[in-house]
Each structure stands twice: as structure tokens, then as C-alpha cells.
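What follows is a pair of complexes built around chain A, which joins chain B in one and chain C in the other.
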Partner chain A sequence: MQARALCLAALGVLAASTPALAQKTSTQAIEEYREMLQDGNPADLYEMKGAELWTKKRGPKGASLEKCDLGKGPGVVKGAFVELPRYFADTGKVQDLESRLLTCMSTLQGIDPKEVIDGKWGKGERANVTALATWIGSESKGMPFNLPQSNAKERVMYEVGKRLFFMRGGSHDFSCASCHGEDGKRIRLQDLPRLSGNPGDGVGFAAWPAYRVSNGQMWSMQHRLNDCYRQQRFPEPGYASDATVALGVYLGVNAKGSKSIVPAIKR
Partner chain B sequence: MADPMRIRAQASGDKTTVRVLMAHEMESGQRKDSSGKLIPAWHITDVTASLNGKQVFSCEWGPAVSKNPFLQFVIKGGKAGDKVSVSWKDNKGDSRTDEATVS
Partner chain C sequence: MKFKTSTKLALSTASAALLVAGCAGGMSQGSGMTSAELDAVTQQVVKDSFHDKGIVKVSQVFAEDPTMKACNAADVAGQPLAPARAKEIEALNMKTIHWPANGKYLGDWKEGEKLAQSGRGRTWTDKADTPNGGNCYNCHQITKQEISYGTIGPSLYNYGKIRGVTDPNSPQAQEIVKYTWGKIWNSKAYNACSNMPRAGHMGILNEDQVRDIVALLLDPKSPVNQ
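== the complex of A and B ==
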């Protein structure tokens, strides 16, 4: 009797480990592929473009963004990325990197935020914001996320983000948590990080903006969230809308202590 | 005008490794747009590189090279402070030259 039980247990182990093994080799192959790509990450090109845009005098006011306050004082870029989204007293709002850039572009340079909000991905001023976000993100490479939660509005945004994350809806009755609420899930060969907790260094919130090799596009966090909603068959959230910022706060606070690898490279 | 390239050149022993990242659409001419019309080919056709003004590398590219291509090659010789310059030309007649210093 006892031997039979043991035998069954052994079978159980075998059945559980076989698919896991097969999965590991494909994951390893993807890891290798990513490593090969790492050396020539085209995100560098967007980083260069962003750095240039930061100091270039542009817009109706003919000013640069060098006086832009990203949360650590006017013009301070290093370390700003890992503390966003945060509350800004001048706008009275919690803002993520991209919505903050819209504020700076409009107040300093006189560029109408509508150009970005109503724009298309990868085109015109919206592409410029993505390049700026890439460069600003890269300036905090290797630094741990440490979003402030001292302001009441920041805590409200966290709570709103959390609720959005678990809110099911759309034609497929999906929520963010459907894919990102458990460990060990994947979509095709892409591992899906569990974002309701801390996914670790360089994963999830700590990996965007990233360059997508498959379509040759540079994607910001706004683009990432927008496409997640598209895949859930939700209506598209507005660019830099409060909903996307709230999700950013939720993901960013959850990632506390994890190191940023921005700009990352994705398949 | 085309966006700048990113060039890194590193000398080690009697060799210099050059790594170049180019910003280019590299449209193959095989794809169709949303209305079903063929998107015309637009890609780099010629790449050359020189070390201190002397040509050391040249190649012809076609539509099979990826968007934002990455190129790596090794030059015999070269030392820190030397100038490596890389140029490309595309089938629309656009071109771009960038220079880097060997480190």
C-alpha cells in the first residue's frame, strides 16, 4: 500500500516536471536571443534623439526643456524617472513622466499638449515625448524605484490604480490581473510578470520605455498600457489620462526597490 | 534629413572593433499598406567605413536588412585617438556620415 502511494507520488513529480523542463529550454533560448540583441539596442538611437530634444530650443516660445521640473527640482534628470509618477504642486496633480513632459512642453515651449494627446504613436510630437522619456529613463539606469506616497493624492492614485488593475470588463471580461495577477503565466513565449506584487529588477514597470524588435518601435509606458487595454478589448484609454497615471502609480509603488533597466529591449 | 548613427570603436591589441547602429526605416518593398498598395522599397544600398580617411570597409545592402540595423566589424590596426567614419547611402539618394574616435 505504502509502496503504491510512493509510486503514484513519483509519477506526479514526473508529470509536473516534464513540461517545466521543455519550457525552460525555450525560455533559455529567448534569453540568449535577448542577450544577442542587447549589444545593439536601437533604443540608443531614441535616447540620443531625446537628449538632443531636451536641450534644443523649440516651440512657439523657442525654449528648451532644461528648466523642466521632473520632481527633483528644475533641470534635475538623474534619478527623476524612478520616483515618477508623483504629485506636483504647480499642477495640483499626480503626473507620470509623459504627462509631466506635456506640462513642461506647454509651459516652457508653448507646445499644445493636444498635439500629443490627439497624435499617433511614433509620429510627430508624440514620438518626441517617447524619445524624451527614453533618454530621461536611461539617466536613472540601475537605480531602484522609490515612488513617493507622502501626499494624500498619491495614495488615492495608488488605490485607484489598484482597482483599475483588478477591474474586469470589455467583451472578453478581462482585467490586468487576468494576465498579470499570478506567477508563472506566459503569453506564447513571453513570460508575464505578476504585477500585483514586486516583479523584481528590470521587469514590468522597470522595463519601459523599451524597443520592440518585432515591429521596430520604441514604446513608452503610455504605449505599453494602451496596448494592454487594446489586447483586453477595452476602449483605448486617453493618452496621459488619470487612469493611465493611476495604473503607473500602482505598478511603480509595487516595484519599490527594483532596479530600472530602461531602455530595455523586447523581442 | 536622416537621424545620426551611433558608432563605437574600441581598440584591443592590433584590432579595432567597430559597432554601428543606424537609424533607418529599411522598407523592403514587399509590404502593403492598409489600403493594399505596395509600400515602395526604401533601404540602405551602400555602406562604407574608413579609418583616418582611408577606406577599410565597404558593402552593399539590400531589402533583407532589418530596420534600425546594427553592424559590427573588425579593422586590422587602429589605436586610441584614431578616427573611424561610417557612411551610408540609400536608394532614395539620402546619405549620412558620422565619425567616432577609437577608444
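== the complex of A and C ==
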């Protein structure tokens, strides 16, 4: 225990300085739907809203987010999405896109992160973060994922994410791996990517935020993970909590080289 | 200068670079920590990140369970359980199986089909009195009529027929009848780290419901065996 405490403390210091054959599968059906909607993915609306929110002067401080550092320097948006989650020296934390947006909204605009953390999906400031994430993601469309792992905290979060991915529990003994641990499996007709490895371009981590046709909602990665945990019969992970960020690191690092299709369109 | 893997010694050298070297010695994936240390950090992250919601309680979901603990660790290590350990865990789970008090293993396959179709219950958006489904079709093909089935588990179509069960009450059928009951009650009694929930053991399904699902699989009149 003592060694662990020392190791942790020291790393903190360092970090601060550095199918069924006959029937159509859901994939095929969605592919057709995607083609139909090529000229009009409803995600475009969220994308536009996000772009406006980035430059709009808002919050108690009446500032825009244009000086927000998403990891590639203040105001740099292009390419930022495919390198998140990553370590940020100013907060001393590994952050995903949404938790980073909370930091920027708080420091630049004076908006209380609690408005998002305690909020509801699709409402108020939480909906604003989803729109921002959609636009920021779209600015990296077609770019390959390349999360940094140079900081010790990023490597620790990868290992924590891996442990969370394989953590069975609850009434049904489900883990993320119960559904996403093997290639070529389905739940009912829904195809499931194997996320313990690299699922390829535009699949899994490389496909969120996405517009969900079944409920007509734009879902961010935080929303996707939240609903996975609900179906897993787990308790709710806090919005932008370390568990969700660690899983993001695990999935994002595993997806290295795969291209983002964000904003995607889903079942 | 002596060089051990002890982080304490590394600290005494008062050099950040040496400290990293010390922490990295025999550690996991360049994270600077041992696997046990990462397990401890993960536990803390779980504690800090999850909260009770609706009927789902943190204390229950993450309760200590030797089966989960062993299987989770095996998955993280990317290695199956050692055969002897798997046998121990299977024996542990076998002891939990509640066999039918009245000796009746088969119920109504029609009710079993309804349970197999339902994936409801036990999420934070369910009520405490939401009837739990068996979640069977989510992972298994069962009848020929239902084409929307998952593939995480093996096909159960013709389950009884393939196993030669023509009369589930016959002495010849007893072994497979009991196995089927046991597998549904506690899947880990037969395969330590099975993906399948322990429907009886975890209280997802009650004795009558398990009986109905056994009937769905083994009753010669069930569409499973047509």
C-alpha cells in the first residue's frame, strides 16, 4: 500500500510537469438508410447549433469558447476530436471531449458544470454540450484516431478503462465484454462490434456522437456509455466521471488508426 | 548505486526519471503501476463514478463475488482461468442451485416463450415490480418462428430433439432435464466464466419461471422441438 501511495503521488508530480443468412441485418438496413439520408443527416442541425455555440458569447462571463484548448492549443478544433480523451496540465486530469467542454464553459464562460452533470439528456446545457461535441467531432471527420499515451496518467486511465470493460457485475453478471468481447456477434438483429480490439473505420468509438433514428435523438459518447450501463443493469455513471473517461481512453486507444465518421447515423 | 524495483528506494534518489524507472519495473503496460495497484485505482474510480439510480444500487452491483472476481481478473489478463480454479468456481456455483421442491422440472412452454422474448427488468428505468424477462432471444436462436435472435450464445433450436428427449419424464431424459434446469438456474455451475446470467441464483427468474423455460426447451410439443 505504501509503495502504491508513493507511486501515485510521484506520478501526480510527474504528470504535472509532463447473421442470419436470409434476413437483412441491422447493418445492411442502416447502410441503406444512410444512403437515403446522405444529403440530410439530421445530425447536421446539431452540428450547426454546436458551431454557433462555439462562437456565441454566453454565460455569466459573456464569453465565447473560441479560446478553449481541446488539446491542440487554444481555439484549435480541427483534429482535436481524434486525440481525445487526453491529459490536460491545467486541470491535472485526463479528460474526454465532454468533460473538457465543461472545463472550458466553466473557466471561460462561468457556466456551472453542475448544470450539465445534474442535467437531463437533450435538455438545457447538457444538450448544448452534445451539440458542441457533434460539431467538434465533425471537424475531424475522416481523420484517424490517434490518442496520446505519452503521459503516465493517460496510460493509467487506459488500464483502468480495460478493467472497467471486463468488469462483470450486477444482477445479470454483464460486463461491456459480454456484448462487445467477440467478433461477429449480435443482440437480436443488432450487430455488435468487438471493442477489446480495433473494430475499424467508423465503428464503435469512431461513430459517436451519432444521430439515433429509433428515438430521433443526437447521442454523445457520454450518452452512449450511460445507456450501455443502464442495459448492463449497472448503476448510473456520473456525467464525465472518471469511469466514463477511462472507458473512452480504452476504446479510443484500441481504435488507433481507424477513421472517424462523426457525426454518424445509427439505428 | 543500488537499483531495486522498490519505489521507496527510487524516491530516495530524489530523481523523477529514476522514479519512473522504479515504478515501471515489472509493471503493467508502462502505466507505472503493478496490476494490483491498477485494480485498486479502478476500485476507487468505480466508487467515485457510479451512483444509485432507481432500483439499481451500487452496493449490490459491485458486491464481492468470488466468481465475478476470478473471471474479471482472467479477462483483464487475457488468460482463461486455470482448470483447477474453474472447477472450484463451478463447484461453488453448483451448490447454489435450487432444485424443484416438487420434483417437477417442466412447466408451460407457452409461458416459457413469453419469458424468452422479454428482456425487461432490473435496469434503472425499470420499477421494482417490473416482471423480469429471461433475455433468452437476445443471445440465442430458440424457435424457428422468431427470426430476431442474437448469436452470443449457441442456437437452442431443436434443443430437446437433438438430445433425443422424446419423453422428458422418462429416466433416460433425467440427466439432460436436470442439466437444463441447473444451467438456467446458475450457468456458472457448468462453465465458470459463462457469459450467461445466473437467472435463478440472482433472483431474475423464480422456480415456476425456470420450469416454463425448461419446458420451452424440452417439451416435445414446444416449437423448439418441431
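Basically, the second predicted complex is superposed on the first by the 237 of 267 C-alpha atoms of A that agree within 3 Å, B and C clash if a C-alpha of one lies under 4 Å from a C-alpha of the other, contacts with A are read in each partner's own complex, and residues count from 1 in each chain.
Everything below uses one rule, namely that contacts are C-beta pairs under 8 Å (C-beta built on N, C-alpha and C of every residue); 3 or more make two chains touch, one makes a residue touch a chain.
Keep in mind it's a predicted model, so treat the numbers as computed, not measured.
Once the two complexes are overlaid on the shared chain, A:216 sits against chain B while remaining clear of chain C.
In the overlay built on the shared chain, the residue A:187 is in contact with chain C alone; chain B does not reach it.
Contact with chain C, but none with chain B, is seen for A:170 once the two complexes are overlaid on the shared chain.
Between chain B and chain C, C contacts the larger number of chain A residues. Touch criterion not met for A:89: it reaches neither chain B nor chain C. In the superposition on chain A, A:234 makes contact with chain C only, while chain B stays out of contact range. Of the two partner chains, chain B is the only one touched by A:48; chain C is not. By the touch criterion defined above, A:40 lies against chain B but remains apart from chain C after alignment on the C-alpha atoms of chain A.
The residues of chain C lying in touch with chain A in their complex are 6-8, 11, 16, 19-20, 23, 28-34, 36-42, 45-46, 48-53, 56-58, 60-63, 65, 68, 71-72, 75-76, 122-125, 135, 137-139, 147-152, 188, 195-198, 202-204. On the side of chain A, the complex with chain C involves touching residues 2-4, 6-8, 10-11, 13-14, 17, 20, 23, 149, 152, 155-156, 158-160, 162-164, 166-175, 177-179, 181-182, 184-190, 192, 230-231, 233-238, 241-244, 246. Contacts from chain B toward chain A in the complex involve residues 3-4, 6, 19, 21, 23, 66-68, 70, 72.
Chain A contributes residues 39-42, 44-45, 48-49, 216 to its touches with chain B in the complex.
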